[in-house]
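Given below, in the form of structure tokens, are the structures.
Common to both upcoming complexes is subunit A, partnered first by subunit B, then by subunit C.
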Partner chain A sequence: MDYDFYLSTMWSVLKALPLTLEIWFFGIAFGLVIATGLTWLRASGYKSGEYFTRAYVFVFRGSPLLVQLYLIYFGLSQFDFVRHSPILWPILRDPMYCTIVAMALNTAAYESEIFRGALKAVPVGQIEAAKAFGMSAFTRFRIVTLPIALRLALPAYSTEIILMTKATALASVVTIMEMMGTAQKIQHDTFRPIEVLTCAGVIYLLLNLSIARLFAWVEYLLSPHLRPAPDQSQRIKPVPEVL
Partner chain B sequence: MKSSRWMALAALALTCSTPAMAKDWKTVTVAMEGSYAPWNQTDASGKIVGFEVDILNDVCGRAKLECNIVAQDWDGVIPGLTAGKFDIVMDGMSITEERLKTIDFSIPYASSPVAFLADKNGPLAQLSNSGKMIDLSKDDAESKAALDTLRKELTGKNVGLQVSTTEATFADKYLKDVANVHEYKTTDEHDLDLMAGRLDVAFADTTYFLGTLAKPDAKDLEFVGPQFKGGPILGPGIGAAFRKTDKDLQDIYNKALKAALDDGSVSKYSMQWFKIDITK
Partner chain C sequence: MEFFSSLLEQMSTAYDLLVAGWGVQLLWGIGWTLAVTTVSMVIGAVLGSLVAAAKLSHLGRLRFLGESYTTVFRGEPELLIIYLFYYGGTQVLTGVARSTGSIGPTDIVNMPSFLGGVLAVGIISGAYQAEVFRGSFLAIHRGELEAARAYGMSAWLRFRLVIMPQVLRLAVPGLGNVWQLTIKDSALISVTGVAELMLTANKAARSTHHSLLFYTVAGILYLVMTSISTPIFDRAERYTSRSFLRPK
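Showing the complex of A and B:
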């Protein structure tokens, strides 16, 4: 084993970690905003909103992210009106923005489905109880539906976030030298794919492990009612009989 | 009795496990990218055709080998070769010192300098030393001056090239600290970005760019600045790649290739695909 090579590769790939995290963070942040809008449209009850959301999910969930990224980066730049647009071109010219746009649009489709499922899974009994209690629709949503739905959505959402971490590796096809791009470059220069890809794989594993643990912790915080109650028998002392 | 049977089995296993030692080359698998026109490209029916396919068929005919072509993306050709997925790579690959550490090459069958392509009407159309051929193997005052001028003129510009090429090594050495170098998976992609205006200049092989310029979309592009060849980075030319352990196959190939070069067959293919003779 060539430890020096492993160490230097690790270090080179780690130097690209901030770039990977940047794509990841902005991709999921904008994705969450779009997904919230889509979920609201879908749940709004308007037929047109529902059809739009269905079409959106069909397109962005049904095609590979790589294809979407290619079409946004190489495809749109073929049109003169895009290249001459003072608003679109500054965004679409930049490979970083293109990647973030592609990631956000893609993850929004999945997330809107996760959120829709979570909203539907809120027990009817709880909503009826809130109605019986005389809560307005907004209060009902704020303190009953939303907290329950968020907790229900969390496991699937964390999976989607982990998928997005791995999806950042696609950014190298549009010349962004994030971790995977850097690893591939080292691999080309040294012709040692096994060592280099092992290093990259280990870093992605550790990154995803941290993300998974973080979500597990949030899930723990949000579900105290699902944990067994603390054992009471030890605390309550039997009343002494001397009385 | 029993032990001798085991010995025989072990001996059989040994002979089977070391085919490379006594490999009788009848069929070989050759990898090409299939998207590096006109060296090798995929036609409408999905077949790989091109300059290198014609050379290969000629060489295999002369050497009485049965050659099967497989498509392999550029970034996997060397790992695939060393891993034994195929026996030869022909993909416009320059013979360089860096690559010779890992693999071996045939004698060169072509030499193609590297060049820059830019927008006719753009700011880089006026790059100095236009059309001049700089031989880096001479390492003289002229080549140093040309490199200095190039560095100055490309400062802050966006330069596109294919990852893991001699151009990439060249840019690492001479341009990376002054220009924004963008590395693409394929040459087609940097052409697209040059046309889209994301790049100021694309950097690749002259023969490849001749193909680009033949496309209708490329009417606004032209060669700018000097062309470079030779030296430790760009190497003596383009050859077929072999595993270091396959000296026997390399010898067979070289003998047939030399015959094809000597009787002018390769020049003929070159004229056919490039309209110029690039074997010189």
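Showing the complex of A and C:
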């Protein structure tokens, strides 16, 4: 076993972790914004909004992320107006921004479906009760529908976030030197793919396991009402023998 | 007018490129994509049922192995697994060939790209299928298994007559999802050089400089493949659960 090689590879790949996390974070953040918009459009009740959302989800869930990434990175630059636009061109010229855009658009499709399901799963009795209390539509949404829906969406959302971590590896095919790209480079330089990819794999796995842990913890915090009641017999303080 | 004439011109270029040029190759690409997906699904079904059995086993060690398999292969980027099998396979094959002396010390034995890709995607697909099979097994009524045991059926007979038919029926919707996932994963095999749809579109885009056209066509073809499989799996679901439908 060549421990020095493993350690140095591990270290080089770890140095690319911030870049991976950067793609991951911005992809998720923009994705969340788009997904919120899509969910709102779908729930708004306009027929055209529903058709648009359906088409969006169909396109972005039905084709591989790699195709979407290539289409954005290589394809869109063919339009003259994109190349001459002062806003679009700096974004679509940069592989980093392109990856973030592709990931955000892709995850928004999945997330909007998650949110739609969660909104539908809010018990109708709760909403009726809120109406009976005379709450306005906004208050009802803010203190009844939204908290329940967020809690219901959390498990599926955490799965989607883990899929996003895996998707950041695709940035390496458009020349970004994040963890996968770095591992690729070391592997080509040393011709020891099994060792190098194992090192990268361990880091990805630890990353995903900690994300899963984090979400499990948040889920635990948000569902005190679903936990079994604490054992009351333990609560009663024993009376001190000497008064 | 100018707009329409340029549009017409572009459409005729697109027509030339697709019909006269790359159309046939793209169709072959679809064929390869479907071949990769099918073979991967079969590999995944074999591995997935073994892993599901391990995860349901009463032996702690087997359960741990099964858990690790699904955790690792669902938690790693697909690209990494594919590189591991393709380049790692090359490393192993070269090492073996060099040590037996059948090639020179500077030669390389490449992993066959189809084999490497299919193994990688099959193993990923197996991790997802294992979860599907496990879920279906847990959905079988306990009473049926107890009844089978009470009849004195052997483990094999129980598996063949009670467990397997029901697991297959309950697994159809989940397998449909895994199939879609596997189609999309198969696009990643293009990095190893299997001439499936993605790589063909890539080659076409690079050599003609019409990337927008070819990636759009590839995207549409993937959409066609995934949307055709939905009604097929719906049909399979109706067929396998026909004895459970309400009579008309």
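In the analysis below, the second predicted complex is superposed on the first by the 232 of 243 C-alpha atoms of A that agree within 3 Å, B and C clash if a C-alpha of one lies under 4 Å from a C-alpha of the other, contacts with A are read in each partner's own complex, and residues count from 1 in each chain.
Everything that follows uses one rule, which is that a residue touches a chain if its C-beta (ideal position, glycine included) is under 8 Å from a C-beta of that chain, and two chains touch if they have at least 3 such contacts.
Here the structure is a predicted model, which is why all the values come from computation and not from measurement.
> After the alignment on subunit A, I want to confirm one thing: do subunit B and subunit C clash, or do they fit together?
Taken together on subunit A, subunit C would clash with subunit B, as the superposition shows.
> Could you look at A:93 and tell me whether it touches subunit B, subunit C, both or neither (first, second, both, neither)?
A:93 sits against subunit B, while subunit C stays out of touch.
> Just to be sure I read the superposition right, which of the two partners does A:173 touch: subunit B = first, subunit C = second, or both, or neither?
Once the two structures are laid over each other on A, A:173 reaches both partners.
> Between subunit B and subunit C, which makes contact with more of the residues in subunit A?
It is C that touches the greater number of subunit A residues.
> Could you say whether A:78 touches subunit B, subunit C, both of them, or neither, answering first, second, both or neither?
Both subunit B and subunit C are touched by A:78.
> Can A:200 be said to touch subunit B (first), subunit C (second), both, or neither?
Only subunit C is touched by A:200; subunit B is not.
> Tell me which partner A:214 touches in the superposition: subunit B (first), subunit C (second), both or neither.
Once the two structures are laid over each other on A, A:214 reaches no partner at all.
> Please work out whether A:7 is in contact with subunit B alone, subunit C alone, both, or neither, and reply first, second, both or neither.
So A:7 meets neither subunit B nor subunit C here.
> What is the contact status of A:29 with respect to subunit B (first) and subunit C (second): first, second, both, or neither?
Neither partner.
> Is A:189 touching the first partner subunit B, the second partner subunit C, both, or neither of them?
A:189 sits against subunit B, while subunit C stays out of touch.
> Applying the document's definition of touch, where does A:143 land relative to subunit B and subunit C: first, second, both, or neither?
neither
> Between 3-11, 57-65, 75-83 or 93-101, work out which stretch of subunit C sticks into subunit B after superposition.
After superposing on chain A, the stretch of subunit C hitting subunit B is 93-101.
> Both subunit B and subunit C contact which residues of subunit A?
74, 78, 172-173, 184, 187, 191, 193
> Where on subunit A is subunit C touching in the complex?
These residues of subunit A touch subunit C: 58-59, 62-68, 70-71, 74-76, 78-79, 162, 165-170, 172-173, 180, 183-184, 187, 191-194, 197-198, 200-201, 204-205, 208-209.
> Spell out the part of subunit B that touches subunit A in their complex, as residue ranges.
75, 78-79, 82, 98, 102, 160, 163-164, 168, 182-185, 189, 192-193, 196-198
> How about subunit C: which of its residues touch subunit A in the complex?
71-72, 75-80, 83-84, 87-88, 90-92, 180, 183-185, 187-188, 190-191, 198, 201-202, 205, 210-212, 215-216, 218-219, 222-223, 226-227
> Which residues, counting only subunit A, touch subunit B once they are in their complex?
74, 77-78, 83, 93, 95, 172-173, 175, 177, 181, 184-185, 187-189, 191, 193
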